[in-house]
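Next up: some structures, all given as structure tokens.
Across the two complexes that follow, chain A remains constant while its partner is chain B and subsequently chain C.
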Partner chain A sequence: MPEVLRQFRSLFVSLKLTIVLLALSIVLIFWATLDQVHLGVWAVQQRFFHSFIVFARAGELRIPVFPGGYTIGGLLLVNLLAAQAYRFRAGWGKTGVWITHAGLILLLVGQLVSGLVQRDFQMSLDVGETKNYSESDRRNELAIIDATDPELDGVVAIPESFLARGAVVQSPALPFRVVPGEYYPNSTLQMRSQAPGAPPTPATQGMGTQIAATPLEVTYRENERNMPTSFVELAGPGGSLGTWMVSPLLGMPQKFEYAGRKWKIVMRPERRYQPFSITLEKFSHDIYPGTDIPRNFSSKVRLNLPDGAAPREVLIYMNNPLRYAGLTYYQQSFANNDRTSILEVVRNPSWLIPYIACSAIALGLVVQFMTHLVAFAGKRRAR
Partner chain B sequence: MTRSLPMFVVAAAAVCAFSGLFPGSGRQPDAVTAFGRLPVLSEGRIKPLDSVARSTLLVLQGRQRVAAPDGAELTPDEWLLDVLFAPEKADTYRTFVVDNSDLLLLIGKNDENLAIHYKSSAEQLMAILDILPTRQRRMSFNEIAPYLAEIEAQYKLAEPVDAQARTQFQSAVVQLYGNLSNYVHLRRALAPEGSKDFLGDLLRLQENLAEGIEAVRAKEAGKPHDEAKAEAMIDVGQEFLGMSEGTDLLAIAPDPGDADPNAWRNAGRALLETFGQGFVNPSVLAYAGMGYAWRQHEPGSFEHIVQLYGSSLETRFGRQVGKARIETLFNQAEPFYSCMLIYLAAFFFAALSWLKWPEASRLSAWGLVALGWAIATAGIATRMWLEGRPPVTNLYSSALFIGWGSVALCLVLEATYKNAIGSAAAGLIGFATLMIAHHLALAGDTLEMMRAVLDSNFWLGTHVVVVTTGYASTFLAGILAVIYILRGVFTRTLDKATADALARMVYGIVCFATLFSFVGTTLGGIWADQSWGRFWGWDPKENGALIIVIWNALILHARWGGFVRQRGLMCLAVFGNIVTSWSWFGTNMLGIGLHSYGFTEAAFWWLSAFIAVQLALIAVANLPLNRWRSFRA
Partner chain C sequence: MASRALPSAIAAAALLVAACGEEKVSVYKVPKERDPVLAQAGAGQQAPGSPMAGAAVPTAAGSALVWEAPAAWKPKEASAVRKGSYSVPAGGLESDLSVTAFPGDVGGELANVNRWRGQVGLSPLRPEELEPSVSRMEANGLNFTVVELSPAADPAGSSILGAIVPYGGSTWFFKLMGPGAAVRAATPAFMDFLHTVRAP
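After this line comes the complex of A and B, so read on.
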């Protein structure tokens, strides 16, 4: 084997590398924990764990300062696999270690997978309301709706990232192109009549002509969300239809007619539709008598199934979510003076992996330490 | 002596510890104790008035003992009786702690008028040595009362600021304002502000009730009426309304036949019902009777009324009254306080055994540790029964449990190695954790209700218990390493056999800690997945627990790979103390995430000091071997 390869091999199978990586991971986790105070947990995950390199910002410059979660986790995985492959010898003495390490490999892979495939949504329901979709609590979409048929809407949804990039969209369902213009990732709106000094608006159509949008700094706080505003031009074959201001802050869709059809345009939280719907029948917020300490939040919901099966009544409360069709609905919050219940909706197809991995690791540790203990007790008895 | 000394020591400690359990040993009349046993609903649970008195005093002034201006000492129950029924006396007791110097200036205090002047020269010397306090920390309500308007103004400025962002002065103002309003509400919980003879007022009301109500009705209907009677009745109603507002002490039990715990109410609300139902609530009357007897110093009738009222409650709320009785007994026995002293003594005997009388001292230490552990077990079991929950529900109980778990492991170590190291570590950790628990209790009732998010006995019983055991064992490994370093560097007692034994102990405990902190952390992930659909969320407390797991794994790999020997192992284990204390307290100080339930400001200072000491110990351990007294040739 060439010398270079041999060095590589001894690096990747070495315990020294393991220890260095473990120490680095401790530093990374500690730093990320501290940074949560400023960034919020979501942004911290992006910056520290779902990244190869952690950057620090010095003015406009992004300086790489530390290996990210993918780097450390990936190297640990390589280290583990290499060591397993290189040092593997049959025998009972190390059984526990092998099981533990196999579980650890599965856990690392599983966390990587769940980081890639897990999706979080919210479903906010007023008492009596029925919905067949949940909404992203972070991302928005531009929906252009063909509302000509009163029975059925035709929807084209364009992710917010397209607006941010300024990507022109042409869809067979639309008789015009969508040309994104200016875009503010976070913003506030004001009536023009109350903001006389506001700069002129690019909007030529709809509500946007009377409203001034001011960009705000992007927020990462857990209980705040960014409210983007964008200006979107619709261009037909015969020329521009005009420019609309769109923002989730506007609330209701703006209507217009083109090519003999009725259209609505709106920017709203990204939706995920399901083939079933949920009705909130009752929301309760119990407190302990004589205090304001919450005792329980619960939502009584009706699950309306698509195939005409009898609807199911379900009580969702703390520590007792509803699991249905690969989605988990849990009680997250409430609003509107206890009239609105907010359910968190999580889709995570890889949820079983950590259960298997952790059971394997725990079993491996027990086996290994019991082996030590029995040997130790035997030695003491022999003395 | 090898056998008789240990037996004598343990027996003496047991007698001291259990003396608090027996009636008649107390410092207060039995009738006052019986009053303290009466159940009320406060902070969401039914508890004895004794617990209300104790937790209120801890919050107000950081201790349960109250000193009257004449130097007499009051028990918590006597203090509560004075607050409720003789507030003009209670207003003179110094029960409000103020430490912030800016706040002291606001209420007209400075170094001069706070200084305590001792008469005897012995006391003066003790004051200089900081054994006796040199200045007053506690003020009476009367001393503060002239400045209430200023305090309120400052409170209104400070209150809108985020708790994390407040200056020390602002936090002190918010705290003092909260304490004052707590106190004022308690003062009018059972009798209206400024009333001299509430029982008489109520009896007269009862007599004139029918006519009075008639007069008010006539007045409202615009018919001829007795104006004086109507006015008097309306005034009484106003007074009751004042009592019903702001008081969280729900002292009046539901009416017979009503089992709903939400039907407990405060005295003011119960009195407002008088006008609807045509008679004064008998429970309020009973309390007014107790108040009359207490004010008039009639111990006979006080005892009589307390007994009558207590037995009437017992027929309807047998279970709650029984629980309240046990809780009162538990409060008075102060098991964790006895425990703390016993652990301290155990440590001294263990240390003594390395210098002199090895066998007798070692056995004494072991006996004391076992006694302390038995008492702690009983105390924790009682709390679990009172609360109906697994052992760990908040920071306070986590401190108790970490101590309990570590000491249990130490007993096993001592039984195996018989070299007093297990007992010494048990004494240190037991004492330290109970001390921490004592300070955490200053935040209020330690049997508080569980917030909805955490309300799952199954997960509290598995995840929390296992992960706390992981904390306990990581600390134990750290403390054993501290003993190794201190004995090795500063004494000649660390011979080769002891050093090897310590290294094996630390290694074994680190293995145990790895297993438990890993399984505990995993169970937390499973709880999160079961409840919220995600296994891991990078919450600060989750991260803290994960760091402990990784650190323990790092120690094991470093030892297996031969990168560290004995001393290196000890240094890594001491650093484990820092990692664990960060996870236990540091993460709560960030004030974010699901687990941010126990922010404590003073704790920040202590945590920093603890970390500094651990780093210093690691530095000491890295002295060259010829500076270690034990290893010098």
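After this line comes the complex of A and C, so read on.
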């Protein structure tokens, strides 16, 4: 084996690397915990753990300063796999150690997978309301809706990131191009009549002509949401149709007609549709008698299944979520004087992995202990 | 071969990871849904940062109030929200008069007075503080609740002189808003104007 490869091998199988990586992860977690004060938990996860490198800002420059969660976790995984392969010896004596290590590997892989595929959404339901979609509490989308058909809406949903980077969208479902213009990641709106000094608006169509948008600093707080505003030009083959202001703050779609069809344009929280719907039948907010201290929040919902299957009644409350079709609905919050229930909707296909991994680790430790115990007892009896 | 296979595998894995985060334009059809109805009428006058809707506000239907505006007031283009809109010159300054109407009581007097107070930077009133801070008058069979809101702390800031009038199951709002001095100078003309408001 060439010398270089040998060095690589001894680096990756070494226990020193494990110790260094564990030390780095302690520093990373400590630093992230402190930074949570400024950034909030969501941004901290993105910056420190769901990243390969942690960057620091010096003015406009982004300088790499520390390995991120993916790098440390990935190297730990490689280290563990390499050590396993290198030190593997056939025989029953180490079975428990192998099972424990397999559990650890599964735990690391599971974290990586859930970091990549887990998506959190919300479903906000008024009593009696039915919805077949959930909405992101962080991300928005520009929806351009062909509302000509009396039964069905044809939707073209463009992620906010396209507006942010000014990417022109040409979809076969649209008779015009979507050309994003100015974009504010967080903003506030005011009627122009109340903001006489506001600069002229790029909007030439819809409500935006009467409204002034002011950019605000981007917020990372957990209980705040960025409210973007963007100006979007629609350009047909015959020229521009005009420029619309779009923002979730506008609250409702703007309508226009083009090419003999009725259209709506709206920026709204990103939606994910499901092939089933949920109706909120009752929301209960129980308190301890004589106090305002909440005892229990629960939502009684009806799960309306497709293909004429009988609907299911489900009670969702703390630690008793509804799991259906790969989605988990947790009771998250409520609003509107107890008339609106807010469910957190989590899609995480790998949610079982940590349970399996921890069980494997526990099993491995028990097996290893028992192996030693039996061997020890056997030796004693022999004496 | 093995020395080439490793970098290729790493590159492929990196691409796969990058592809997971990629966002795409999606196209789909859904059953028609109703547009959201405004939770709170009086849009276009809301505090900054709150959900706002412009054109398609459910304004009051039914018969409308009529009025006579002084010749010096310059009519502005009415919108879907504004039943009437004027630029009111007084003392060399200008303020803005809007006339709007919404179905029902729009949350009641207190909520609306507090909404206006918020627009000029005043803190909300408690229910028991409402009565001493409004004046009531009757003209042409209509009951006017008149409020004068000018932040004492900031004489250069905006002031509001407003009147709330229930009529025919709706609530009408006459709101004069502008720099404090402009609103003060236009106050007599505004009060005279209120006396011309009547049912058709």
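Quick note on the criterion: the second predicted complex is superposed on the first by the 361 of 383 C-alpha atoms of A that agree within 3 Å, B and C clash if a C-alpha of one lies under 4 Å from a C-alpha of the other, contacts with A are read in each partner's own complex, and residues count from 1 in each chain.
To be clear about the criterion, a residue touches a chain if its C-beta (ideal position, glycine included) is under 8 Å from a C-beta of that chain, and two chains touch if they have at least 3 such contacts.
Predicted model only: the values in this text are computed from it and were never measured.
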Which partner reaches more residues of chain A (counting touched residues only), chain B or chain C: B
- request: Have a look at where A:Gln36 lands relative to chain B and chain C in the superposition and call it first, second, both or neither.
  value: first
Task: Please indicate which partner A:Tyr86 is in contact with in the superposed arrangement: first for chain B, second for chain C, both, or neither.
output: neither
Task: In the overlay, answer first, second, both or neither for which of chain B and chain C A:Phe8 touches.
output: neither
- request: In the overlay, answer first, second, both or neither for which of chain B and chain C A:Phe376 touches.
  value: first
- prompt: Counting only touches as set out at the top, which of chain B and chain C does A:Asn348 meet: first, second, both, neither?
  reply: first
- request: Examine A:Val156 and indicate which partner it touches, taking first as chain B and second as chain C; both and neither are also allowed.
  value: second
- prompt: A:Leu116 contacts which: chain B (first), chain C (second), both, neither?
  reply: second
Field: List of chain B residues in touch with chain A within their complex
entry: 41-45, 248, 250, 261-262, 264, 416, 448-449, 451-453, 455-456, 459, 504, 508, 511-512, 514-515, 518-519, 522, 525-527, 529-540, 543-544, 546-547, 550-551, 553-554, 557-558, 560-561, 563, 579, 582, 587, 590-593
- prompt: What part of chain C is in contact with chain A in the complex they form?
  reply: 17, 20-21, 23-33, 35-36, 38, 43-45, 48-56, 79, 85, 96, 98, 119, 158, 177
Query: Can you list the chain A residues touching chain C in their complex?
result: 116-117, 132-133, 147, 149-159, 161-162, 169, 171-173, 188-191, 193-194, 206-207, 210-211, 214, 227, 248-255, 264, 273
Residue ranges of chain A touching chain B (in the complex, touch as defined): 15-16, 18-19, 22-23, 25-26, 29-30, 32-34, 36-37, 41, 44-45, 49, 111, 114, 118, 120, 222, 287-291, 293-297, 318-321, 328, 330, 344, 346, 348, 351, 354-355, 358, 361-362, 365-366, 369, 372-373, 376, 380
